[in-house]
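Below you'll find a set of structures to go through.
Two complexes come next, and they have one chain in common, subunit A, joined by subunit B in the first and subunit C in the second.
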Partner chain A sequence: MKSKSFLTALLILVVMFAFTASVNAGGKVYKLGMSLAITGPTSDAGNPYAKGTEDYFKFVNETKILGDDTIDCTIRDDQYKTDVTKRNFEEYLDDGIVMYLNYSTGSTLGLKRDFEEEEIAVLSASYHAGNLDDSNYIFLPIASYSDQLVNLAEYVAKNHKGGKAKVALFVHPSAFGRGPVSDVEKAVAAGLNIELVEVVEHGKDLDNTAMLKRLMSKNVQYVISQTIQSPVATMIKDSQRLGLTASSFGEAGKLTFMGAHYTGGNDLIALAGNATENYFWITAFNITSVPGEGTTKQLALAKLFGRDQKAADSHNYAAGIMVAQVATEAIRRAKAAGLEVNKANLYKMLNGMNGANAYSPYTTTGPVTYSKTDRMGVDMLQIYSVQNGVFRAVGEPVESEYMKKIK
Partner chain B sequence: MSANSWLATGNFFTKYKQEQRTFLTSLDRSFFTFFLVLLFGWPLLFELSNKYMLVVDNILIAIVAVMGLNLVTGFAGLISIGHAAFVGIGAYTIASFCRTMGDSHIIITHFWPVLIVVSGLVGAVFGAIVGLPALRLKHLYLAIATLSFQMIFEWTIQFMTFFNQGQTIYVGRVFWFTGKVGRKDHYLFWYFVILTIVILLGFGIRNLLKTRYGRSLVAVRDNDRAADAMGMNPGLTKVYAFALAGFFAGIAGALHAYVYRGVGFESFTLHESIGYLAMAIVGGLGTLNGSFWGPVALKFLDLQVETLAETVGQYMPSGMNLATALKPFTFGLVIVLFLIFEPRGIANWWRITKSYTKLWPFRY
Partner chain C sequence: MSYFFQIVVSGIVVGSIYALAALGLVLVYKSSRVANFAHGQIIAAGAFITYYLTVSIGVPVFFSFLASMIITFFLAMSVEKIFLRRLIGEPIISVIMVTIGLGSILDGLIYLTPFGSENFSFPVFLPQQPLSLGGVSISWTQLVGVIITFILIGGLSWFFKKSTIGISMRAVSDDQFASMSVGISVPRVFGLAWALAGLSAAAAGCIIGNITGLNFDTLHAFGIVVFPVIILGGLDSILGAVVAGIIIGLIQQFSSGYLDGNWGLSGTGEVMPYIILVVVLFFKPHGLFGIHEIERV
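And now, the complex of A and B:
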């Protein structure tokens, strides 16, 4: 009888130990939240972005980059609506997230006050320079749209043959599109050698003939776009139809088209076909048509999680991976420093990514550098142009000279 | 009058005034009082997460807006497809104060009840102006006139730098007798405020409909020439119907600005206007309680479809495309089904339920 009681007690102890042991072995779970447009407007960019983030966090957990600890990142669709983003953010806060990943310019600006009050670090897919105004917790993964447009304008100024280059801006009718216009104007006022002839806010036009003819009548030679891919595709297809597209950079009497991060990529080629030939595009991400170590890893990750080729080749997939990489690195550094992984310490880790501690993810053309006074990640931007149906790198990564002057 | 004030078994009215009472029996009054206590009491007993508190606040704001739309479209029979613009007028009234005085000015943070009323009045003025075409136009033509207002509103907000070109204009945190309403209590605080406003406005409509002004709305809707012959002024009635709708919408807009602590253009688009119209139709046009049912039904449907779309997106190979289509499809389907099978909306189910329970267990 005694031995039976002893065996029962032993069994209970073993079971208890097994449960306790499994809890300890499981490690800690760090909660993150992401809200973005997986459906609705701009979902063509948001969808691969979400896949990139999701895949990288899965990879982190499966390959035990954080040891036994894991990242639990909830990704919710906000359909590009600020109201829904706010609801998602509130839910994440209730869940106890330690870092937040956001998407649109409108919602990043709209929730800025909440981020400040919650003192939570936010990595946004919006590269609008205005996100950083009166804000301490929003981090741009790469250089702002302003940097991108001024860089392109500088490229025009340096490479244009003849007198002063005449440039038009083609922008989205929103905060996202208008944001960098004033910085380009400031750069011109500071001595950038181009003439800004017109700023066109596009609508939902299916034909840009009138606009293109007007720009030609004003002797415009360069059109720099800050919008999404579909309006650019419409414009460059119309230009090709009208025989207005330059066959090489700066061809006299023709239009050379250029654009910022969200205007280009393989999706633009899919939309506009051979009309994209000689289109100049600036971003801070490596792209799969220019193979390298980073793009090999990107494609391997996509393959590992069964993504189709379209998603794997997307620069937005790379952008999604990149924010996940930065978040993971911040957690890894906090752990390595023996700090608790919480909002305050992750914010501290992000601010410490500079100098020798700068972080170089495989997805970008330069290192991520943040500090208390600089919350723009990758400062080095790469210009690409479409040659024979694929984007090819144009020279080495660049950093804007005039942005430093006007800041 | 019935001898038993608790259980009236028929109509025993001897005076017109008796028929006009808000509560016909003491039981009705008791039930309603109990319901109000429940509405005010439950958040103190069951703590709801901020996310769901925001959803509830959002529903209450939509109820205020739909009450206004129901006045102009349901009771007065004037189609308005620019209602979100009126809501936007209210929100941008608050935003204008913030832009002019700073978002943490004492007027914005301490005198917010006054500002909410001011926003309603500004909405009413715009409503009256937009209602002027109703003097000449009817049906589809009037709908187009309200649509024009929606377009003008959107254009103005998006292009005027004063309105930050549609980008968020921040609104400061408000103060109550206990001090600044912090982040923790924000949604709960506004729940009580909006609920109080909904009740006040609900009683306002209920009482309005008992007056000649309320009855003239219905008379003009049913036959404006007959109403004219009976001595009413159809033109004035239509304009003031729009003004009333604008007032309600303005209040809703101001509440939206305070709850979200910011005003951005995208909350007041044509899509939102269609949403309000859908809520009024699903709830039941021309009924007061329909203004409550519609927003509750559609906002919760929205949440459920979102969850379903996420689930579908996770498990189906081409799930994302299906998820994209699911929300507008469900939204459209619900409206069409209601128009075909229950044009009187959920309010009619409520009416049927009420009449059934009134007679239960006796069928007739």
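And now, the complex of A and C:
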């Protein structure tokens, strides 16, 4: 009887040992958290963004990019509500995340102090330059909205024919929209050869006739937008109806419309149809209507995980992949350096992404460079314009000159 | 001078669409004294149904438009029957809370479809060249929107004034218990009010969606955007909604046209309607056409 009990106990021990050993053989699991608007306001951007991140981490785990180690990234919908984002973030901390992926400008600004206290690196989908003020842990994946708008203004200054170009800004009535205005003003004060005639804060307008006619009466030729697609769609449709839209860049007596990252992409074409023709858009992401090695990989990833064509073609899908790529690369570098994968070391790895160690994801138009004093990732921005219903590249990716002067 | 008239035309167009979007709120309030916070979701649903029928099924857009109004008519009637009928006689605030919950449920249902987080636009079905006269232009979408608005509002005004059911609805609006005592079916009236609100919401959704593109957040926001219209108009007055809608549309356009860009001002079109609303309510607390009820004890 005694020997039977002994054998049973031994068997249990063997099974437990075998189970423990098998877990260890499976490698380490690195926990990450992401909170974003999969539903609710701006979910047209957040939804494909989440899909991009989810797919890339699945790809990393399935193709063993980190060897036997895996990434476990929990993605939760916050419906664009900062209180929900904060709750998600706190729960992720309890779960022991080593890096956090955030979304909106409001929640990034709202949780800035929490990120500092927790000393955790954060990649945000908001490219608001103000995110970086008084912060050491927020990293912008690409150049800020300020860089984007100043870059567009520089393009206007360089390519406008006949005197000083008259420009109006069309912005969202929030920190997200207003943020870059002062930087454009500073660039103009620093010698950027445009005249900033007016800054328009839009509402939920059904008709922009009065605004457009007013801009025309002030001889404005360029409208640069920093908002989301929907108000831009209404504005350019009104402009088309009134016959005010330029058929080519800078056409005299007409309006050329331009905009930052979240104003453009296929969503704008979906909303405004042929009124988007000749719309100029700036971003740091490769887009599938300009095929290349990066977009081929993006489309292959989307196909691998059964995404529909609309998601696969979305620049927000690319943006979601990109933050997952940067996070994965930081983990890979920490492992390669023989460091423990934790908050502090990932922060260190991100800050080391510069010079020869800059990281080039396939989703962007330039390399990601971070340092202790520069937490904006991709500096090289690409201008696209709609030609025959799709966005096409205009020239090569460029970095803003005046942002360097005014920083 | 054409600038001035263009702003007048734009203001009337925008105001008419506001009036149409507000009509459903007025109808529900008129019959049941309830502010429907799920109205924006019904506006969006109407637009998406029209889009789905037109693009996915291939129904001509005019018939899709009619079909969506019929579908939302029955959809809103069903919603009233399932969720709200059991609350007849309960405190108004309870019913209002249910409409807020209902809005969340409809949000959730729409987010389960691609319409929740993707953008679309109706295929072009009207001439793209605007109608112009003396430097004043109006698009076909806007013109058709205004015509539909006035047909619907005219029809409903006639319905409330002349038809037996319409008069029953007005009676229920005045006093539910007195109406029941004379044999009017209050549940039926409530159902019909919701159904008509659904029908008008679908029409508004299609017109707004054709102007802004089909984005759920943009569309359902109009359920809230038009609240100042019904407050200014007097909550339960169809004529009030029309007049207030046009007033607010004109204020927005004139503010945008003459104030914005001067003296450092911007975005006044969003603020001025509220300022005017406060001023009007200061002198007429029940709105321009609202009924001031006096109860004698």
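Following the convention adopted for this analysis, the second predicted complex is superposed on the first by the 388 of 407 C-alpha atoms of A that agree within 3 Å, B and C clash if a C-alpha of one lies under 4 Å from a C-alpha of the other, contacts with A are read in each partner's own complex, and residues count from 1 in each chain.
By our rule, contacts are C-beta pairs under 8 Å (C-beta built on N, C-alpha and C of every residue); 3 or more make two chains touch, one makes a residue touch a chain.
Owing to the predicted nature of the structure, the values given are computational and were not obtained by experimental measurement.
Look at subunit A after the overlay: subunit B and subunit C clash there. Applying the stated contact rule after C-alpha superposition, one finds that A:Arg178 touches subunit B and leaves subunit C untouched. By the document's definition of touching, neither partner reaches A:Asp374: not subunit B, not subunit C.
By the touch criterion stated above, A:Gly110 is placed in contact with subunit B alone, subunit C being left untouched.
Of the two partner chains placed by superposition, A:Glu401 touches none, neither subunit B nor subunit C.
When the shared chain is aligned, subunit C comes close enough to touch A:Arg241, but subunit B does not. By the document's definition of touching, of the two partners only subunit C reaches A:Asp207; subunit B does not. Legend: residue contacts after superposition of the two complexes on their common chain; A:Thr39 is shown touching both subunit B and subunit C.
Of the two partner chains placed by the overlay, only subunit B lies in contact with A:Thr82; subunit C stays clear of it. A count of residues in subunit A touched by subunit B and by subunit C gives the higher number to C. In the superposed model, A:Glu91 makes contact with subunit B only, not with subunit C.
Only one of the stretches 186-194, 222-230 or 330-338 belonging to subunit B overlaps subunit C in the superposed arrangement, and that stretch is 330-338.
Applying the stated touch rule to the two superposed structures, the overlap between the subunit B and subunit C interfaces on subunit A comprises residues 38-40, 43, 47, 173.
Those residues of subunit C that touch subunit A in the complex are listed here as 3, 6-7, 10, 13-14, 17-18, 107-108, 111, 114, 116-121, 124, 128, 130, 137, 139, 142, 208, 211-215, 217-218, 221-222, 225, 252-254, 256-257, 260-261, 266-267, 269-270. Listed in rising order, the residues of subunit B touching subunit A in the complex are 49-51, 54-55, 58, 158, 165-168, 170, 183, 260-262, 264, 266-267, 306, 309-310, 313, 320, 323-324, 327.
Taken together, the subunit A residues at the contact with subunit C in this complex read 38-44, 46-47, 173, 198-211, 213-215, 217-218, 229-230, 233-234, 237, 240-243, 267, 270-274, 310. In the complex of the two chains, the subunit A residues touching subunit B come out as 38-40, 43, 47, 76-77, 79, 81-83, 86-88, 90-91, 93-94, 106, 109-110, 112-114, 117-118, 173-175, 178.
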